Amino acid sequence: MKLLCFSGSLRKASLNKKLLKVEMEILKGISGVEVAHVDLQELQFPVYDGDIEAAGIPPSVRKFGELIQEARGLIIASPEYNGSISSPLKNAVDWVSRLKPMPLEKKPVLLTGASPGGFGTVLGLRHARAPFEKLGNFVHPQSFPLSKAGEAFTPDGDLVDAASKQRLVGLLTEFVVFARMFS
Amino acid sequence: MKLLCFSGSLRKASLNKKLLKVEMEILKGISGVEVAHVDLQELQFPVYDGDIEAAGIPPSVRKFGELIQEARGLIIASPEYNGSISSPLKNAVDWVSRLKPMPLEKKPVLLTGASPGGFGTVLGLRHARAPFEKLGNFVHPQSFPLSKAGEAFTPDGDLVDAASKQRLVGLLTEFVVFARMFS
Amino acid sequence: MKLLCFSGSLRKASLNKKLLKVEMEILKGISGVEVAHVDLQELQFPVYDGDIEAAGIPPSVRKFGELIQEARGLIIASPEYNGSISSPLKNAVDWVSRLKPMPLEKKPVLLTGASPGGFGTVLGLRHARAPFEKLGNFVHPQSFPLSKAGEAFTPDGDLVDAASKQRLVGLLTEFVVFARMFS
Amino acid sequence: MKLLCFSGSLRKASLNKKLLKVEMEILKGISGVEVAHVDLQELQFPVYDGDIEAAGIPPSVRKFGELIQEARGLIIASPEYNGSISSPLKNAVDWVSRLKPMPLEKKPVLLTGASPGGFGTVLGLRHARAPFEKLGNFVHPQSFPLSKAGEAFTPDGDLVDAASKQRLVGLLTEFVVFARMFS
């Protein structure tokens, strides 16, 4: 079962890209899971604009749509920007929603997020549920908000806190079961 | 008192740009109000990316920030994308939030929106409150959601429905009083 | 498969109780579905109070919890109160969340709602997702908001509009498939 | 200027009642402020029910409405229940919304909350904004979420953490200025 992993942050040194790496390592250890990955920074989407769409949906959007179509679930590590969904994530969703067939429909989604502050993206992840639910995604009810992420990673890129790591392993394992049901 | 008006949709033929025009005409008729306008499509923001920011905040973002700084309130006509905030609007807010001083703080905001469907952007406008409130904007509690906007405008660009027009005049008048209080 | 149906409105002549009746009739026609029903008005919950809980969770709350436990999914018809979740529904959820084992966990939920106004409880149903998702319910991404419900029912209690009826039949059928997956 | 303070938790030993006490002490020290207080547990509201309303709005609801009417702003300390608004608070708002004249309209509100956990009611306070904004309250954009509230109070009932205390003093002082503007 292929799962597509991507981050809602674009910058290379993003804490969410670090978190995503931990998640991908865990997923690789789950039997039957194939991990796919895409970096939104490389896809270089423009901001959604109906005039651009009318002139032709950008090839990078189509490529992203195909990756989603091929996957049986999405795992997203996304920052919270201003107490709400990150603009790169919202923009990616808005572009993909214009594809026909629309690949997000009925696709299982897990939302996770890393934040340097103490509230671990809980507002951002709550806010991010809305577009996915509207588009018919099955968003897993649980999410994984990682607080104080600036100090959360070892030099090797693993999570420092064993209890957090264990919860993340548990949630990803549960999500794999969840995603399998919908396939 | 200068009020800055812009749309959360980029495309030229946007229903929200039509709504914004009606709003600007009304505002011009209110004593003491000076109407400023900016088109986000012309500003050509990239999607927010911390690496772009580190290399230098785009001049168009700085220009937008200055326009906000000079205004004593913001009037926004924004579509709902996928049951939530439009990505052009979220992206604009995320960029502006990186400026120092951050011009949105304590700035009064009125959220309005036009939708071709029956639910008039009520979910989108609710969702759009979050980043503004987080940033310290004083978002007026009322909003103006315009349903079935495809049939809502006369050939001259006015609102067909007199009752809707009257409500919009009333709300804009009230917002001007609201915005004045914070100056 | 037993499905528990209840309304988030207490009053006897509630539009949401009417909608629930239509839903129950449809469900009875779906093969393999057993319909259970409970009326929150009859259960007479007090407003949630930790001091009442410490003295003993009310028997009516325990009874409601058992009904949820026995069902393999919940179908809720709830009004929107003040642009948000109805207090009877929030109160019922808060009480049930105190039971051990907590019967809502991993229980599939479908949210529907009837409103006399034009915006068909879309804000209320969005707002109502939050506690269920927090408690681990699998809330179906789609909901059924019925606008202008004062004129939506025939004297026999069916839906006037055939297209609405058909959408409701489709959604309930889909929800039954969804709920079966989790059992 | 009279400000009405109440808690969205009913139980006597509530952490939010403790937080409210700290807030009332601070408010008493602000020149020109008169502090009023009401305990929702004592008011003994039933769960909102249109049939009860039709038989006569409970006198305790009318009393609460009068207290709101007499105040020039509301300061609320409310827990988060299940990632969302507390049912006692939602129920109180729903009852008050039925009064004519409706005393919440244009009334400034400050939302604060205490939580034993690490995320300090941020989801609950966000969720609680919705009904107030719908009813036309001017909800202050900032809120005060207090995390790990079980260890946050001194035996005398003050806040242990001086920086938190200072932020709370700052926010209350700012709210008083905010509330004055609307009077």
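For reference, chains read A, B, C and D in written order, and residue numbers begin at 1 within each chain.
As a working rule, a contact is a pair of C-beta atoms (placed from the backbone, for glycine too) under 8 Å apart; a residue touches a chain by one contact, two chains touch by 3 or more.
The model shown is predicted, which means the values in this text are computed figures rather than measured ones.
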*Which pair wins on C-beta contacts, A-D or A-B?*
A-B
*asked:* Can you tell me which chain lies farthest from subunit D, using the average of the Cα atoms as each chain's centre?
replied: A
*Whole-Å distance, subunit A centre to subunit C centre, using C-alpha means?*
30
_Where subunit A and subunit B are represented by their mean Cα positions, the distance between them in whole Å_ = 29
*How many Å are there between the centre of subunit A and the centre of subunit D, using C-alpha atoms for each centre?*
36
*In subunit D, which residues are in touch with two or more of the other chains?*
83, 123, 126, 130, 133-135
_Under the definition above, what is the set of subunit A residues touching subunit C in their complex?_
126, 129-130, 132-139, 141-142, 181-182
*Which of the residues in subunit C end up touching subunit D in this complex?*
9-14, 41, 45-51, 54, 81-88, 90-91, 93-94, 97, 123, 127, 130-131, 133-135
_Help me check something: in the complex, which residues belonging to subunit A touch subunit D?_
83, 118-120, 122-123, 126, 145, 147
